[in-house]
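Okay, here's the structure, questions in a sec.
Just so it is clear, A, B, C and D label the chains in written order, and each chain counts residues from 1 on its own.
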Amino acid sequence: MWKLWSEEEKFRTWTKVEWAVAKAQEDLDIIPKVGLSLSLKRLLEDEEFWKDFPKKVEEREKIYDHDVLAFLSILEESVENGGNYLHFGITSSDVVDTANALRLRKALLLIKEELVGLAKTLYRKAQRYKYTPVMGRTHGVFAQPTTFGLKFLTFYSEALRNLERLDRVIEEISYGKVSGAVGNYALNPPEVEDRALGMLGLKAEPVSTQIIPRDRFAAALNVLTLIGEMLERLAIEIRLSSRTETGELQEPFRKGQRGSSAMPHKRNPIKSERLTGIARLLRGWALAQNKSVALWHERDISHSSVERFTLPDSTTTLHYALRLATGVVENLVVNERRALENLQRFGDFYLSSVLLKTLTERGVSRDIAYNWTKEVSQKAHDSGTSIYEEALKHERITETIPAEELSKILKVDFNRYIDTIFARFKPIP
Amino acid sequence: MWKLWSEEEKFRTWTKVEWAVAKAQEDLDIIPKVGLSLSLKRLLEDEEFWKDFPKKVEEREKIYDHDVLAFLSILEESVENGGNYLHFGITSSDVVDTANALRLRKALLLIKEELVGLAKTLYRKAQRYKYTPVMGRTHGVFAQPTTFGLKFLTFYSEALRNLERLDRVIEEISYGKVSGAVGNYALNPPEVEDRALGMLGLKAEPVSTQIIPRDRFAAALNVLTLIGEMLERLAIEIRLSSRTETGELQEPFRKGQRGSSAMPHKRNPIKSERLTGIARLLRGWALAQNKSVALWHERDISHSSVERFTLPDSTTTLHYALRLATGVVENLVVNERRALENLQRFGDFYLSSVLLKTLTERGVSRDIAYNWTKEVSQKAHDSGTSIYEEALKHERITETIPAEELSKILKVDFNRYIDTIFARFKPIP
Amino acid sequence: MWKLWSEEEKFRTWTKVEWAVAKAQEDLDIIPKVGLSLSLKRLLEDEEFWKDFPKKVEEREKIYDHDVLAFLSILEESVENGGNYLHFGITSSDVVDTANALRLRKALLLIKEELVGLAKTLYRKAQRYKYTPVMGRTHGVFAQPTTFGLKFLTFYSEALRNLERLDRVIEEISYGKVSGAVGNYALNPPEVEDRALGMLGLKAEPVSTQIIPRDRFAAALNVLTLIGEMLERLAIEIRLSSRTETGELQEPFRKGQRGSSAMPHKRNPIKSERLTGIARLLRGWALAQNKSVALWHERDISHSSVERFTLPDSTTTLHYALRLATGVVENLVVNERRALENLQRFGDFYLSSVLLKTLTERGVSRDIAYNWTKEVSQKAHDSGTSIYEEALKHERITETIPAEELSKILKVDFNRYIDTIFARFKPIP
Amino acid sequence: MWKLWSEEEKFRTWTKVEWAVAKAQEDLDIIPKVGLSLSLKRLLEDEEFWKDFPKKVEEREKIYDHDVLAFLSILEESVENGGNYLHFGITSSDVVDTANALRLRKALLLIKEELVGLAKTLYRKAQRYKYTPVMGRTHGVFAQPTTFGLKFLTFYSEALRNLERLDRVIEEISYGKVSGAVGNYALNPPEVEDRALGMLGLKAEPVSTQIIPRDRFAAALNVLTLIGEMLERLAIEIRLSSRTETGELQEPFRKGQRGSSAMPHKRNPIKSERLTGIARLLRGWALAQNKSVALWHERDISHSSVERFTLPDSTTTLHYALRLATGVVENLVVNERRALENLQRFGDFYLSSVLLKTLTERGVSRDIAYNWTKEVSQKAHDSGTSIYEEALKHERITETIPAEELSKILKVDFNRYIDTIFARFKPIP
C-alpha cells in the first residue's frame, strides 16, 4: 500500500494519464500521430526508468516551484517523439486529479480486500461459537445470557454494512476529468475526456471546476472513519473481555512475544488497543478532508497539503488495521470455560426480567411487579443467594406464582432464537 | 422541525411503538385481547392528552432516575385497559431506539424536502445564467472565462450527489428493533418484532445488541455534514463574489433591513456567513456521533447524552440552513454588467493558455513555449498592455505564429461546450 | 447557568455595556450630560422592565434583520433622556463582544466553582482511601498493587492542572473593546474604551479588528474540552471498576431509582456513561470554535452562528457535568473487600517484576532473567499455582536465589512511598 | 525537525534516559558502580554506533513484539559493562515517556524559534506600513479605512499570545517519570527519579500512572492548533488581498517559478493556500490527541499508535508552516498604489458612520438619523455619486448640518490613533 503512495508511483500514474490523453488526442486527430502515446507507453513499461525519476523532478521543482511543470519538463526530455504535444491543451489538475482517482480507487480496493477478509473471519467465528454461552452485558453490568456467536454476528453485520458503503464510495471516487482550467473544455473537446477516461476505466465528472469536486473524497474518508469505528467497537469488546477478572477472550500471543519490560507475566491486548488509537486518527483525517470540500470559486489548492497526508495516511493505516484485526480475530483465544464460570458465578440475577414478565402476565400491575422483582433481585445480590430462593420467600410473589411453578418458569432458554437470527445472514462468497 | 424533537412528540412516538408492540402481541396471542392496543390508540388520537404528559413524566423521573420507567408508569396509569401488559417482555431500548428511527427518519425527510427545493432553485439559476459570462478564478486569481450558469450547475450537481447520499442514509436508519435486552429475543419471539415494525413502516435490524447499531446514525450525520460542506462552498462563492471590488453577486437585501449599526451604507452577505458557521457546527456534531459507534458489549448509554444534542441540533440547524440557502439563491442579485467589466478590466491574460497551446502545436517544445508565454503575459500584466500586443513584439513568437494569424487565434470562445455539459443534467421532477 | 445565556440576560448585558460607554463619554465630555447613563442605570435596576424586552426586540428585528439595531431602537424608545446619544460613535461589536466577554467570564467562573468542588471531593477521597489496596491495571490486565488513594490523587492532580488552565483562559477572555468598526478608534478616542471597560472590570484589547480576536475564545473552549477529557478518564475508571466481575466501585444508587425496564436487578453506571458522552460533545464544540479564529479581514460574522451554540452549550453542559461528577465521586461506593478479593484471587503474578529485578541484581543478564521469569509466571498462571511455587521448582532460579531467600524477597510492599507522593500535594483552601 | 523524530534519534534518547537512570542508581548505590553509566555515555557519544541500531532493534522486535524489550536486548549486548543492571527495576514507560518529553520539548522549542521569527517579521512589517492606508473590510465589504500596519499588528499581537501559550505548554510537557509500572515507585525509590530527571532537565510528575498524564500532550497540541488558526487567518488575509480585483498583496514569486501548467500568466498565492490546508490537518491531529487523555486505569496503550502520527506530524508540519509563513510575510509584495486606488475607487461610503454620528450629536434620534444616512449612502452607491453630494441634496440633513459644515465634518482622519495603538506594543528582543 505504501508503494501505491510513493513518489515513483505518483509520477507513473501521472504519465499514465498523459498517455491516455495523448492517445485520445491522436485518435481524434487533435495532435498528429508522431508517436507520443507510443513513446509514453514504452516509458510506462520500463520499470528501471522510474527509479530515479522522482529525484530528477525534485531538482527541477526547485526552479519551477510547481510540481506538475517540473514533471512535464523532465517527461518531455524523456519521450522519444512528440514531446511538444505532451499535456496538449490540458491543465495540471486534469492529470493530477485523474491520477488521484486512479490511486485512491486502487487503495480502496485494497482496503475492500482486507475488509472482506475480516468479514469472512468474523462469520467463521460466529458460526463456530454460535451456541457458546456468554453473559451479555449492558453498561458493563451483567444483563442476560447471549452467545459468542451472536456477538461475532453483530460485527459481521456491521462489516457487511461497511462493505456496502465502501462499494458506494469506490463508485463515487471513480471519476476523472480532462475538462481544462475551469471545467468548460476551453481547449479540448469533451471527446478527449471521454476517450481518455474510458481507457483508464474512469467515468467523466459531469460538471467539474478545475478539479474533481471534493465531496467525493470526503465521502470516501467518512466511510473509512466508519470502518475505523467498527474496528474500535471490536477492539473494545476484546479489551473488555480480556481484562484479568473477565478473561473470556485473549488476543493471540506469539511464543517469544513479550508483554512488559517490568512485568514478565503480562499478556496485554495491545493490538486491540492499537486499533482503538487508529480509529481516533481516522476521525482526524476525515475531518481535514471534509473541511476541504468548500474551495474558492473554480478551486484553490488548500486541499492539496491536506491530501498529501489524509489520502496516504488514512488508507495505509486502515489497510494495516484491517489486516491486524483479521489476525487478532482469526487467532483469538475464546475461553469458553471462563465464560461459563462468569455466567454462573454471579448468580441468576438475569432472571429478573423473566420474573417481572411472568408477574405482569398474571395480572399484577407493571409498576408493582417491578418493585417486587427489584426487591428480591437486590436481596439476592446483597446476600449472595439467588432470585429463585428470594422469590420463594416473597409472599406476594408466591401468591401470584405458586412455588412449584416458579422453578419451571425460571428455567428459560434465552438463546432459543439463535438459529432464526443466523438464518438472516449468508456468508460472503 | 423543533416540534419533532419536543418532549411531547418523544413520548407520543414512544407510545406509538408501545401500541404497535401491544397490537402485535395481541394478534399473536401473546397477550390477551383485553383492549390494551385500543386504549393506546385512543390516547394517541387525543391531542389534548399529551400537553401535560411531559411534566408528569418529569415528576416521576425524579423518583426513578430512569426516563422510560417513569414514562411507563404514567402511561400505565393512563390506559383504560390492560395496563399490566404494557411493555410486555420488551426492554426500554426496543421502544426508544425504534422511536428514534421514526423521528430521525421524519427529520431526514424534512431535510430532503428542503434539499430538493434548493436543488431545483440551483437548476433554475443555472438555466437562467447558462451563457452569462463571468471570469473563472482559481486560487482567487483570474483564470479563464466561464459562465454563471456553469457555476450554478456545479452546485446543482453536488446537490444531486447529496440527495442520493441522503436517500441512502434514510434507508439506512429506517431500522427498528424489538429484540430484547441483549438482542436475542429472550422474552418475545421475532414475530412480534416483524409485525410491530411492519405497522410502523420500519425494517427489523437483522442482528442487534440492546440497541440499533450506531454506525447507522453516524453515517446519517456524516451525510448531513457533507450537505453542510456544500452549503459552505455555496456561501464562499457568494461571499467572495460580493466583495466590494468584485461585486458580481449580492445577497438579497430586504427593504428596511440594516447592515451595520455604525455604517449605514453596508450590505453584507451575512446569510452566507451564517451558512459558513453552520457547516462548522455540523462537523462537530457528526464527530461526536461517530465516536458513539463503539459502545461496550451489548451497549453502554454514553451515546444517549450525545444524541440529546446531535440529533435535534444537527437536523434542525441543517433544515434551517437549507431553507436559508434556498432563499438566498432564489433572490440572489447577479450583477451581469459588473461581471463583464471585471472580465474586461484586467486585460486578456487568460489567453496565455491559448498562446501556449498554439506554440506547442506548431512544434515549439513545451518548456520553451511556456517561457515565452510567461514572458509576454507577465510583461502585459506589469505594463498594463495586452498579451496580444506583447506577443506581437516577441520575435520568436511571431516567427512561429505570423502576426496576421495571431489575432485570429486569440479569439477563442471558452464556453463553446456549455450546451454539451448542460445536456448531461436533467431537472428534478 | 442557562439563565446567563437567556435572551433577557443578553440584552441586559448589552445595555450594561451601553451604559458604561455612555457614562465614559459623559465623563469625558464627549456627549453632553443630559442623563443618558442615569436613565440606562435605572433601566438596568428595574427587573420587571426586562421581562418582555426580548419579545419587543424580536418584533423589531423582523424589520431590520439586524439584532443590535433592533435592540438599540427599542432601547432608545425606553430611555428617559439622551436617547439620541445612545451607542454614540460605536459599532455593534463594541457592545456585543464586550458583553460576550462579560457573560463568558461569568460562565467560566461558575465552571471554576464546580471544578474546585470536584477537586476538593477528589482530594478528600484520596485522603480517605490513601492506603486502601487495589490492583493496578495496565491494558486492563493486572499489573502491580496500588491504592485507591493514589488513583484519586491522579485525578486530583489533573483537576489542579485544569484549574490552572482555566484560570489562564478566564484571564485570556477578560478583554473587551470599544475601538469601533475596524479597531482604529475612528469615532471615539481610546479613553472611552479604557474608562468604559474599567467600569465593567475588563481589560482593553491592545489591538482589535471589529471584534475581539477569536483565538481567546478558542483557547477557552480547548480548556473546557480538556476538563471534559478528565471527566471521561474519571468516568472510565468508574465504569471499568463497576463491571460485575470487578465490582470495586459503584455509582451511588438512590433508593427508588430504577436501572432497567426489563431487568430490575441492574445497577448501572449511567452517570459516568453520561460524562463519557459529554466529553465527545465538548470536542465537537471546541472544534467549531477553533475553526472560527480565521475570519476575513477586519471580521466576518461566521463565528456568530457558531457561538450561538458553542458558548452556551459547552459551558452549560460542562457545568452540569462537573456537578454530576462531584455527586458521583462524593457518594461513590468503594467496595474495599471486593478489591482485596480481586487482588488475591488471581495469584501473585505481579511479583514477576520483583523476581526479574532480583535476578539481574544478582548478575543474571536481563534477557535471560526475563525469560526465566516469564516461564515461571506463565506456568503459574496456566496451572493456577503461584510464582513463588514455580520459582522454587526452577533450578536456575534457585541456583541464583537460594530457596530460603526467595520467600523473603517476594514479600515486597509496593506502596511504601505513598506518603512521599501525597506529601507533594496540598488541599485547595 | 524530521531527524528529531527518526528511529535513530528515538533510540538515542531512550538510551539517554537509561543512562540517567543508571547514573542515578550508581550515585545512590542502588546498583554497583561497575561502569554501566560510563558505557552508556560512550555509546551516546559514538555517532557511528547509532546508524544501524534501528535495523538491529527491528529484527529483534519481530521476535519479542515489544519495542522496548527489543531495544534493551540490543543495548545490553552493546554495553561494555554492567549490562545486567540496565533498566534496573524500571518499566518501559519510564524510558519511553521521559524520552517523549525530551523530544517533544525539543520540537516545541524549535517551533518557538520559528514563531519568534514570524512575530519579529510581522512587527517589522507593522512598523514599515504603520501609516499606509488600506480599506478595512468587514464581511468582505468596505467598512472604514485602516492601515496595513494595523493589520500586521493584529497578527503580531496574536503571535505574542500564542508565544505565551507555547511557553506555558513547553513548561507543561517538561515532565518525566521514573515511578514504575503503576506510578508508586514499587521497585525504585523517588530519589532515583529526582536525580535522573534532574540530569535530563525535566521535572518529576508529582503523581503518575504508568505514564505521564496525557492532558499535558493534548494541551500542547491544542496550542499548536491555535498557532495553525493564526496562520490560516494570515493566509486568508493574503489570499483575499491578492485576488485579481483587489491586488493589494501578493505572495513573493521567485524568478523561474511557474504558476499554472495551462495558464502561464498566473501568480497564485499557493503558499498561503498551503497554510490554510495545514491548519485543517492540525485540528485533526489535536483531536486524536485530546481523545487520548482518558486511558484505562493505570494506562492502556491506545495513545501510542496515535502519537506515532500526531507528535511528529503536527510538530514537523507546523515548523515547516511557520518557516513558510515567515518567508511569505518577509517578502510579501504590498501594492500601496493599488490599495489607495481601491480606497478611492468605490467612493466615500465609509463616511456614513461619521454622518450618522454627527446627526445624533446634533439631537436627531438615532433611528431617524440612521434612516437618513442609509438613504443617502445607498443613493450614492447606486448612482455612483458620493455621500457628500447626496447629503447636500437631502433637506433634513442640511437643516441639521449646514452645507458649509458638511464638507469639513466629512474630512475625518480615521487613523489618528495609530500611534497610540502601536505604543502598546514592544518588539521582541
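The rule we apply is simple: a residue touches a chain if its C-beta (ideal position, glycine included) is under 8 Å from a C-beta of that chain, and two chains touch if they have at least 3 such contacts.
The structure displayed is predicted, hence computed values, not measured ones.
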Neighbouring chains shared between subunit A and subunit C, ordered by label: B, D
Approximate Å spacing (C-alpha centroids) for the pair subunit A, subunit D: 32
Rounded Å distance between subunit A and subunit B, as computed from the means of their C-alpha atoms: 23
Touching two or more other chains - residues of subunit A: 69, 72, 87, 89, 91, 137-140, 143-144, 180-181, 187, 239-240, 258, 260, 262-263, 268, 270, 273, 283, 287, 291, 296, 300-301, 353, 370
Topology of the chain contact graph, where touching chains are joined (line, ring, star, complete, other): complete
Partner subunit B, residues of subunit A touching it in the complex: 31, 69, 72-73, 76, 83-89, 91, 136-140, 143-147, 150-151, 153-154, 157-158, 161-162, 165, 168, 172, 180-187, 189-190, 206-210, 213, 215-216, 218-219, 222, 225-226, 229-230, 232-233, 235-237, 240, 279, 283, 287, 290-291, 293-301, 353-354, 357, 360-361, 363-367, 369-370, 412, 414-418, 420-421, 424-425
Subunit B-touching residues of subunit C, taken from the complex the two chains share: 63-66, 68-69, 72, 87, 89-92, 180-181, 187, 239, 254, 256-263, 268, 270, 273-274, 276-278, 280-281, 283-288, 291-292, 296, 300-306, 309-310, 313, 317
Parts of subunit B lying in touch with subunit D, wherever the complex brings them together: 135, 137-144, 239-240, 242-246, 258, 260, 262-270, 273, 287, 291, 342, 345-346, 349-350, 352-353, 355-356, 370, 373-374, 377-378, 380-381, 387
